[in-house]
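Chain naming follows the written order as A, B, C, D and E, and within any one chain the residues start at number 1.
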């Protein structure tokens, strides 16, 4: 029994991690239609930022302050990733809004460059981020241990989601963003500054990826190719949920997380992976526009 | 309000508009007529900034427009109802209308939609939270017009705004146009195929042919035979 | 004789919104039937149901007395001879007008037939004649993306004609056309009606008056009344909901 | 007429260059070129589905891999004196599994290298296209297929050789693979396949079917209302391009002597699309040349700058996409247009009336 | 001196000039395996530099031609071909994963080249064109299992990446554990790069093994150990013995979660020999104080010296002569004496089991006292019966 409860928690936890890595993509890809192959590299940037901050704390601040570096790392990772995202938007992505498929190719190039840059700056081997003491250990309830790190990530995801929801659906800035995606020319004819909106949205998506990277340091390795491990999953989730549908993204992430952990429990990681992806393929056959699919009246 | 001189513009290699002159006076409704494919839509796109000017000048309220982006022009006070409606199909009607106010300075934007819009287009109020894309053709067209006039522009560009709208509302829109142009001093460029409709509400007409203005005159004075001659196929 | 098209109690429900609430309509052979009605009355939706784009929640559409269209896929409906022009011009922008007509032409539309299809003399002549008729002969080898709105409308009508349909559905065919062209389109439609039936949705009353034999008025998802244009004009309710004071 | 002539002359020139290349290149370079020609075959298929039909497949690595594995199974059996491939022995397998046995016959293997990818693509295509899955949804599904295939191939190590794939072959038709002569023959076989596939594809695009494909790209729903069933067309063209990829895979194994699941993975699949994009997705010749140039650049850069080549390659992708939206073929067209225009002006001057139709 | 290595890349200098000897270095400098392999390149370059500083081999300077295998096995084959055919290198040092070795193997056999492969691996292989300077199974896994059975417990939980090395290794472990009265309670494989070990850990918890034998490779180790520690499993509960976690990997995982777990290798940075002191010192001086050495790094470094010694002995760089001369060559490596076994082309190596300390270094808890003779097919182990049959 406790195994199943643990496993359910694991599923939710995996789902929340998947959600976190997909969330940024839900903006750059889901909202802006940029097939951002460099999404994983923004996650990597977030992770390295956390590493750098940790080193800075170790070097320049007293031992007692170390525990707080991770709290600071979240906004810093967001900002660093957002700024690099901004730079890339201004220099490359900006020219590709009318050509979503080309964005795939260009961002592929970006991802190659960012990976190699990380390798040049930080060296090829992995670096380690040591979790602050207060994140070690876990909450034991009725014989089931819920690691604090996982609980922390779940919390972080919830906060990010709420903020994102408010931004997308309750602010005029979010509305402008959707308008620009739907019809760039018309939005600009109405007085919406498309360039500003684009930059902002891409920076936001990149920044959220940075947060994901920051939290992934708690669980896995930090190396130049960190992002490649997550990119496919992120796309799957956004698409399975229904492109442009934040709610769908949430459902999809949780569904995949839980499905994957439970299949793995009774089989193996390999079979779980096959089952999950086969499920995605079959599900989309049944609901071609995803969990929360859009029905549009237009002919094409 | 708007002056166009020696304008040349078109798509990539092909120039559609050549040596075009035009003037839209303040507070007047100017009708623009011309057969299919003569470049009417091209002209408004150039005015709006969606297409580049190859040569010539466009002056709006004494500022010369060259490379201004559409949003900059919109904020200076022009609004556009494109041919083909171009509403945001995935946004609700409310959101579409709120976006119409983007051209206003931040302080002047409200989160409420002015009553008069709903008085003119009651259907929009009924369907306020439905997706723009779910509307029927004519409903979308009404939305496109409402979205343009909501920002109280100084100059309104209308590219075949009556297309697909039921007769009773066509009349209503004509009345509305006349009213806002009189009351608010709004200048209006109206592209229409229906000669009667143009003559009944415009102050002045232009006729475009082969990229040039071939006829221009006040509605009361213009020679209808000549008009028909240019509009014949 | 059976009517070419008969709709019985057609209903459409868009997740709660009842766009059609039991439409009954018949189109006779070689008839030009005009469908008018306020914006949002459900005219386009009805055409969508007939050509298979939208599935009806209820009711039946029978074609030529024998086929039930509501059960067929879009392309099967076309094979039975129902052609449809959409409200917004939808042509293949990357192909030239000539090529647009070439693939729209009445022919076997299976995969292998297309692979081995050869352009015959007669076919070519037919296409070129039609291009003349719709005034696109001069631009027949330019990409259709560079056509103006009106030209696109013409091309789309042409694409329907070349299919030699038995029933032609036209949704606002003259939108965006100037006076002379409207007349020409009207004449074209009259000519077509010699070979097939036409169901037209239109808001231009002059046009309706000039070319209609019978008019059906729809309102709020139902047929409100039908008759000749003169009769319709006299109908108080139609004036209220649709025509307005001038009508 | 003029245009037609010049198009076939480009193709002819390309093939002739390939035919004489071995006389100017070292053995190693010819081997590399042969590998790139396999890639070019894939790129032609990508051009058909993406450029012409508008289907972006991010999973063609799977079909390439299937073709390659079919061929490799035959080669591996021929290279296993005990009858049991070495990796099976390491996995404690004492009997050749049934699925391997059929590949003992080279002709079965060759046929399978074409048919297996074709059929699998048709099955996947049939369901997805019938269910009207389009655009990026299709692309993502194709990626999911990649993940499933790669995971299965890695996971079923005892049958597939796992991550290491199949390698260490010695002979094909009892002829030693490492022989320079065999290599030369294989090179020309590859050129032959590429030439035939390119010409076939070109002809295909000139038929009315080719126009239907473009129409599908433009607006496939519209096509339904003209009486077409776009799904049939898409299934076929998708299957065809998968068959091309399968052929490429089989030839690849002969040239390179190995295939691994990694080769059918996401990264190679995306790269395949890149080749077509760089060469020009709307041009068959362009796509083929794109594959050759991109891979030559990759090889050359990684040899010359082993530490920095990914920077340069990445930058190259970006520059091509930003400045050459239609790839190299687009660039050529632009240049031609510029030249042609000059000519036209002169013609106008001389008041000559040449109507180019 | 900056020397050969810097100017060493590319086919641009493909003409073999009279006073240098070209050797190839072929590791992944990009892609997922770069994490591990870049350090091997560094170690090899350092060895070359040292040898050159001491006058080179046969009086000639060694010139390294560096190629990037890009973590892609066919690329390894391509670059190996290029090095042999185009650059005509005397030998190649390269590879990490068994898959990359298997990809290169036919190339070296067909071109009669020479490859020095520096990483511990699964055995069951003996190419005439490869020298294996890392451990084979009887120099790492087999003694580690014996040690665990004796000192830790009898219930084994096997976790591995899904490829040939872990799979083959686990077959051996299964046979050995069974023969010696232990039990393998479960066996789990995850794909390379797998990052979520929650479920595996859950399975471990319910299987309650006495030891986890870890053959995970690469990134996965980080995720595995971090999540294991989060789940509250300490080395006191269930110790993990790894065979692919060296000092370099510890740096990327964080010593905090590894402290108390074990690894089996032939060399540690802390191995106490005079040669190692200089080796570590030089390595840090050259590449930075924060860098660490480790078993594969040492094996890569040794490979260059062994080749140089064989060339000197043969008086030639010709492959056949070098191979012949290599038999019995012995050097004092940082990890102790190693000797080439001419028959198998593997090395005699000392086996060491270490425990991770808080500083990320190993404390040796057991060693084999003397170099162990390599036995890639485990012919000398009775329990290996079926496994060792081949060849």
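The criterion applied here is as follows: a contact is a pair of C-beta atoms (placed from the backbone, for glycine too) under 8 Å apart; a residue touches a chain by one contact, two chains touch by 3 or more.
Just so we're on the same page, UniProt names per chain: A, D = Urea transport system permease protein; B, C = Urea transport system ATP-binding protein.
What you see is a predicted model; the values in this text were computed from it and never measured.
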Counting one step per pair of touching chains, how few steps separate chain B from chain D?
2
Starting at chain A, fewest touch steps before arriving at chain B:
1
Most distant chain from chain A by Cα centroid
C
Averaging each chain's C-alpha atoms to get its centre, pick out the one most distant from chain D.
B
Centre-to-centre distance between chain C and chain B (centres being mean Cα positions), rounded to whole Å:
29
Could you tell me the distance, in whole angstrom, between the mean C-alpha positions of chain C and chain E?
74
From the mean C-alpha coordinate of chain D to that of chain E, what's the distance rounded to whole Å?
37
What are the residues of chain E that contact at least two other chains?
29-30, 162, 189, 191
Within chain B, the set of residues that touch 2 or more other chains is 134
Hey, what residues on chain D touch two or more of the other chains?
151, 154-155, 219, 222, 310
Applying the document's contact rule, which stretches of chain D touch chain A when the two form their complex?
56, 127-128, 131-134, 136-137, 140-141, 143-145, 147-148, 151-152, 154-155, 219-222, 266-267, 270, 273-274, 277, 308, 310-311, 313-318, 320-322, 325
Mind pulling up the chain C residues that touch chain D in the complex?
51, 53, 73-75, 78-79, 83-84, 86, 90-95, 99, 102-104, 109-111, 114-117, 119, 141, 159, 163
Which of the residues in chain A end up touching chain E in this complex?
3, 6-7, 10, 13-14, 17, 115-116, 119, 123-131, 136-138, 145, 147-150, 218-226, 228-229, 261, 264-265, 268-270, 272-273
Would you pull the chain D residues touching chain C in the complex into a rising list?
204, 207-209, 211-212, 214-215, 217-219, 222-229, 232-233, 236, 357
Chain C residues touching chain B in their complex are 14, 17, 37-45, 87-88, 135, 146-151, 171-172, 175-182, 184, 203-205, 241-247
